[in-house]
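You will see subunit A twice below: alongside subunit B first, and alongside subunit C after that.
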Partner chain A sequence: METKKFSRGQIFSLDFIIAMAIVALAIGLLLSFYQTTAAQEKEARVQNELNVIALNASNQLLEKNRCSPAGGFAGQGYKLFGCLDGSKFSSFSTSAGLSKGSLMIPEGFNCYITDMEAFGNIQILSNICPSDTPAGVTDVASVERNFVGHAGDVTKYDYERCVAGLYPLDCAGAFGQKTINVKVWKA
Partner chain B sequence: MLKGQVSLDLMLAIIAAVVFFGALVTYFDGLSSNVQHASAQNELKAVLLDVYAATGSVKAYGVSVEYTTPALKNSTLKECTIDVTAGAGGQIVVSTASAGVESESYENIDLSGVQVKNSAGAAITKFGCGETVTITP
Partner chain C sequence: MRKGIIFSVDAILGAVIVITLFSAIMVLSLSEPNAGTEQAILYTKATDRALAKFYVHGALDSVPTAPNVNCNDIYAYGDKGELKKDATGKIVPEARGCAS
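After this line comes the complex of A and B, so read on.
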């Protein structure tokens, strides 16, 4: 059977049009993949930066206000990591000279800090971190830190009883397990 | 078609292909330049974040740290410099002499008491990427 392959005046063959469409589609897919990957990488970088800043801010908050060892205990080189002196901490609910800078939260970043256990998830440090994450902000780092709260210096006896897991027998009233939540996002 | 005749289809296809690939090369040149710039900027940011985290640990835990800053991997970047300004309104700035790459910084962070010392023990404020320094609280 004879078929007519080309007509007079024909500019493009169907083959050619299909081939070009496939090439355009393939390049489009490639660019779309590249764009998606680049966006995901950027998102991961931003999130990583926020995580580091939030973690560092929580470190500054907890470790700069660490419980001090009492009496002879102080001279033995102990540092009570993870124990927050409530008497120092409570002063932070007001201005008390504290700033975002002292938590090492750089300019251009915002924060919101809540005490999740002691007072039932209430906001603290409202003078420096006044409001929660605004609607529409998607990149937010949220760090929860557990710690032991104690008002005033800690004796070696009390500390060792708590570390040994005898809480709350010997620590009732003096110690409390608490959690703070630090949120950071880009302004 | 006659023997030896080049079809109009083929000629048009070649012309279209040349124009298309020309445009594609131009596009990828721009894209490549953007990617290089973003990559350089990201590398400076990564150095900044590393120095920030190390300084934060020093300040929080009150310990001295012998710290080696990350070295640059991006071959297009010239040497980078880290500038740590102590004090209540302190800042950490990572910059490079490479053209078109802006410096990255964290400003208004409290670095009171934080001191950077070189291997000879002298207090310094500027040091290079890949250099080992001691950060003290």
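After this line comes the complex of A and C, so read on.
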């Protein structure tokens, strides 16, 4: 007598059903992973853009107001990186043409800049960066920059004695340590 | 099944596909899309601190009179005027000179 291969009423084999369930699970897993990855990449792109703008703005702020060597010292090839001239900054911050573009912050982005150590976390450049991050904004880039401040041009005497630790009283008298914080977010 | 065969070719192929799939997912999960910018920020902060320390805390012990050079062998004149090896692998001011 011939053996029956299939039971009556059975359309799919048990193997086929299990295989289909595994395939459905795998597709679901892949789609879920794709969605998560796409969302993460989008968020990373936004954050990267904000980080770059904040970093660039802080660079502009420090470089445009960099200390200059005084007198004959200027002709000897010294560049005083990491030193901000307070006198230059005063002129820069009150100049007529000052805008967010001066710090290379594009239209559509807002900023908030604070001086964290010199005067106890006070706002600076409020004419171009008027208000702090509003509540509800989640994508914010914040870059903290350390530098030394000096009022006016730096003489070679001050520079050499300070870097050699030989300044008469305290080097902080000639070069005060300061910190600014630049926050950028999309408007 | 023949003797000595534990898994069929189909099973091994299936296992390889599953392992490859999960490996790819793991590798993609490990990638950090923000790494470049974060590295740039860290680099900038480190540079800032180094510069501030240079100005304020006295990065140098003293202002050197001449640039230093790294000598492999240093020679010195002895009591009778003969040249003899004084030290090896020592950093000395350039003005003193070194044989090699």
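Keep in mind that, in the parts below, the second predicted complex is superposed on the first by the 144 of 187 C-alpha atoms of A that agree within 3 Å, B and C clash if a C-alpha of one lies under 4 Å from a C-alpha of the other, contacts with A are read in each partner's own complex, and residues count from 1 in each chain.
The rule is short, and it goes like this: a residue touches a chain if its C-beta (ideal position, glycine included) is under 8 Å from a C-beta of that chain, and two chains touch if they have at least 3 such contacts.
These numbers come from a predicted model, not from an experiment.
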Once chain A of both complexes is superposed, is A:Glu63 in touch with subunit B (first), subunit C (second), both, or neither? first
Determine, under the contact definition given at the top, whether A:Ala164 touches first (subunit B), second (subunit C), both, or neither. second
Identify the partner contact of A:Ser102: answer first if only subunit B is touched, second if only subunit C is, both if each is, neither if none is. first
In the overlaid three-chain picture, which partner chain does A:Arg45 touch, first (subunit B) or second (subunit C), both, or neither? both
Interface residues of subunit A shared by subunit B and subunit C, listed 45, 48, 52, 59, 81
Per the touch rule above, subunit A residues touching subunit C in the complex are 26, 33, 37, 40-41, 44-45, 47-48, 51-52, 55, 59, 81-83, 143-148, 160, 162-166, 171-172, 175, 177
Report the residues of subunit B in contact with subunit A in the complex, numbered from low to high. 1, 7-9, 12-13, 16, 20, 24, 42, 45, 49, 52-53, 55-57, 59-62, 88-90, 106-110
Taking the touch rule as given, give the residues of subunit A at its contact with subunit B in the complex, in rising order. 6, 10-13, 16, 20, 23, 27, 45, 48-49, 52-53, 56, 59-60, 62-64, 81, 99-102, 104-108
Within the complex, which stretch of subunit C touches subunit A? 21, 25, 28, 33-34, 36-38, 40-41, 44-45, 47-49, 51-52, 54-63
